[in-house]
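So that you can tell them apart, the chains are marked A, B and C in the order they are listed, and the count of residues begins at 1 in each.
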Amino acid sequence: MDIISTRNMSRDFIEDVLEKTKKMEPIAKAKKQVDMLKGKTLATLFFEPSTRTKLSFMAAMNLLGGTVVGFDDPRTSSVKKGETLADTIRVVEGYANAIVIRHPNEGAAALAAKFSEVPIINGGDGSNQHPTQALLDMYTILKEKGKLDGLKVTLAGDLKYGRTVHSLAYALSKFDVSFVFASPPSLRMPRWIVADLKSSGISVKEINSIEVKSDVLYLTRIQKERFPDIEEYQRVASAYILDEETLKELGEETMIMHPLPRVNEISPGVDNDRRAKYFVQSFYGVPTRMALLAMVMADI
Amino acid sequence: MDIISTRNMSRDFIEDVLEKTKKMEPIAKAKKQVDMLKGKTLATLFFEPSTRTKLSFMAAMNLLGGTVVGFDDPRTSSVKKGETLADTIRVVEGYANAIVIRHPNEGAAALAAKFSEVPIINGGDGSNQHPTQALLDMYTILKEKGKLDGLKVTLAGDLKYGRTVHSLAYALSKFDVSFVFASPPSLRMPRWIVADLKSSGISVKEINSIEVKSDVLYLTRIQKERFPDIEEYQRVASAYILDEETLKELGEETMIMHPLPRVNEISPGVDNDRRAKYFVQSFYGVPTRMALLAMVMADI
Amino acid sequence: MDIISTRNMSRDFIEDVLEKTKKMEPIAKAKKQVDMLKGKTLATLFFEPSTRTKLSFMAAMNLLGGTVVGFDDPRTSSVKKGETLADTIRVVEGYANAIVIRHPNEGAAALAAKFSEVPIINGGDGSNQHPTQALLDMYTILKEKGKLDGLKVTLAGDLKYGRTVHSLAYALSKFDVSFVFASPPSLRMPRWIVADLKSSGISVKEINSIEVKSDVLYLTRIQKERFPDIEEYQRVASAYILDEETLKELGEETMIMHPLPRVNEISPGVDNDRRAKYFVQSFYGVPTRMALLAMVMADI
């Protein structure tokens, strides 16, 4: 079993992951190791920077009793010598029971899965997908809202290049949700994703500033590099910032999410608000990844 | 419990660490794993280069049966995306039972401790403090001299920017010692540290060349970058070099210490002298860090 | 015991390694951990990039129940501060039961062994030697051919700078083999190695293009940087490429090997040919390194 994309994940599969995540949560909270993956090895191939994804996979593997091999930095690997991804995968599959890969190219994880006999988990491929992030986001919403059906969800910021919102939109679309997509015109959700969602019968509304009355307000980082000049960036990005001022207008039950790292999308003054859930969301990466690792390696 | 600075450490606390280090020493020497921290995870966040501190913390954690997650290089982490230290810490505390942090900014470890619910250990913060180094230095002196009271200790080299000598000076100042601070005028011990020490009743003498008759001669590296021109550097640095020539004048019972890495402060010809203790000092990093890890994570 | 070079390895020692590798192979295939090195620590000091060597040593150590500490990148270690290799080794030997070192300088592993009280394994030193690669190559040949005596072996490509072929040539020379060395004139096998081989009574033939009728055809990468201009490189390198066209002329029983990473020396169309053995060869790195680790640390 590979974890490549949420696009073709069934509602049943997602619910199964969430249920298993719930069983892992007490272990992750207690930080007390179990033996479920004792003797198993996870390879982590990070061709791009990561803190959260890499460290939470390492922590998850440790908590399940397994070990990790891998690299952080393609400059320290044979990739520097010109090795293809297919070759790297065919070599590394001999060393591990499963592989997590993060790569700048869209489709890299799917390509890896084609060449690997061990399970591949996509840790982010370019602007395409980040399915384990989406599953931990789903778990966070379920924990906080008690349900996944019947919710109005606003995804805000860079919806064009943001792989976390692509994955989350598809995952949520297996449930009865309605979307508000809030982004600058130049960073709108890709047309084919919107078309996919609509053809699943999902309501999608697209707007140019954040909508503060949803059940879920999911903010993402707008990267400076996406804009031709800094003034244009500042003018645009300021409409997607949540600070103590905009907080006043936020819905009483609107939970605030962010995949982190944030730069200035959410000001530190928001952190102690009861609706701010981005740090607990980050923590749920551990039980969610424990569940996924156990599913692909121990067949639970 | 956090380990941030030796400045406010009590004599009792230091003696407690040294006693526990003594119990760890046979395990470190035998390199035989015990179960004391089995199932625990240490996060190592190194924002600056390290061999000794990082590897000895890893080895210490392994010997106690625990595991390590972390990064070596901020370029491979979300720090590259502009994440604040406070956010990194709030995320990583969810993944580990304790965090070791090395950071170029003074005060970084204290800041981390403010945001973390798990213990923070300072692995070096800019020119400020390196408390675990000081504790292993103390252990080395105790082992070699049999006591910490009544010693004359010379700290030599770069006393201005050297965090190891700052930490060691404060740690020793809880005991009955007298100091000789030997440094170029431009690299003298900061005035406020000297004032702190004197107000503790400690005798401090400041000189411009190394004093070879102390009980302890602690040398440190003088960095080229601190000097406007290379000739000035060479002229100044040469007064703080221990070679086979200066060795002849060294006190019969003067132990030679260095936090390592050394560049040319101690010539290789000194290595086999019976008074040279810098390699055993480096080894004591393992039992000292084992003791500290067990104290913060297993509450021994 | 150190593993520095195949030059002085006896036939008995090599046969012993291969026998132990055979016992490790089922464990490596099943990817099921045993306790042979439980509680032991391997230090991996990689001063140069590596995927295969580093990850397979990590995987081998994990499978034997041990743990790994180390660095991938000298920029994140004290080497950046100017520390000598001798000092790094004297420090790291205190942290581990054995050390694997990869270093750009020829003779680095031998130097390390001089300063270390724990076993040193050479993971590649400049253009000199890569003995653990040679031993896994030997194991691959033995597995595929059922014997090591009586074989005709072609080593092709960059024989001047290629440490894998230097090590393999010496290892094979302890058996009854004959060599074809196929390389551009500027990249011929060093004269002193050829002299050593001939004085062992080994037949050596040197040619300028690949010989496709041997029992073993061992290809290596020719690096662009070795040639003054790109056209010269392209003209020369093309004679050492195995593609679907040259495959037609390949001997029915000629096994194709490559230490990997490959760039374009073997075209992907060759991968599914039954004579292509480079991926299984890469996998044998795990049991071979398990055997070596167990030999140096558990004295099996």
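Throughout what follows, a contact is a pair of C-beta atoms (placed from the backbone, for glycine too) under 8 Å apart; a residue touches a chain by one contact, two chains touch by 3 or more.
This one's a predicted model, so the numbers in the text were calculated from it and none came from an experiment.
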| item | value |
| --- | --- |
| Cα superposition angle of chain B on its copy chain C, in degrees to the nearest 5 | 120 |
| Homomeric contact chain A-chain B: same or different residue positions, threshold half | different |
| Whole-Å separation of chain centres (CA-atom averages), chain A against chain B | 39 |
| Set of chain C residues in contact with two or more other chains | 67, 72-73 |
| List of chain A residues in touch with chain B within their complex | 28, 31-33, 46, 49-52, 54-56, 58-59, 62-63, 67, 72-73, 221, 260-263, 268, 279, 282-283, 285-286 |
| Of all residues in chain A, those that touch chain C in their complex | 38-41, 43, 67, 69-73, 75-83, 86-88, 90-92, 94-97 |
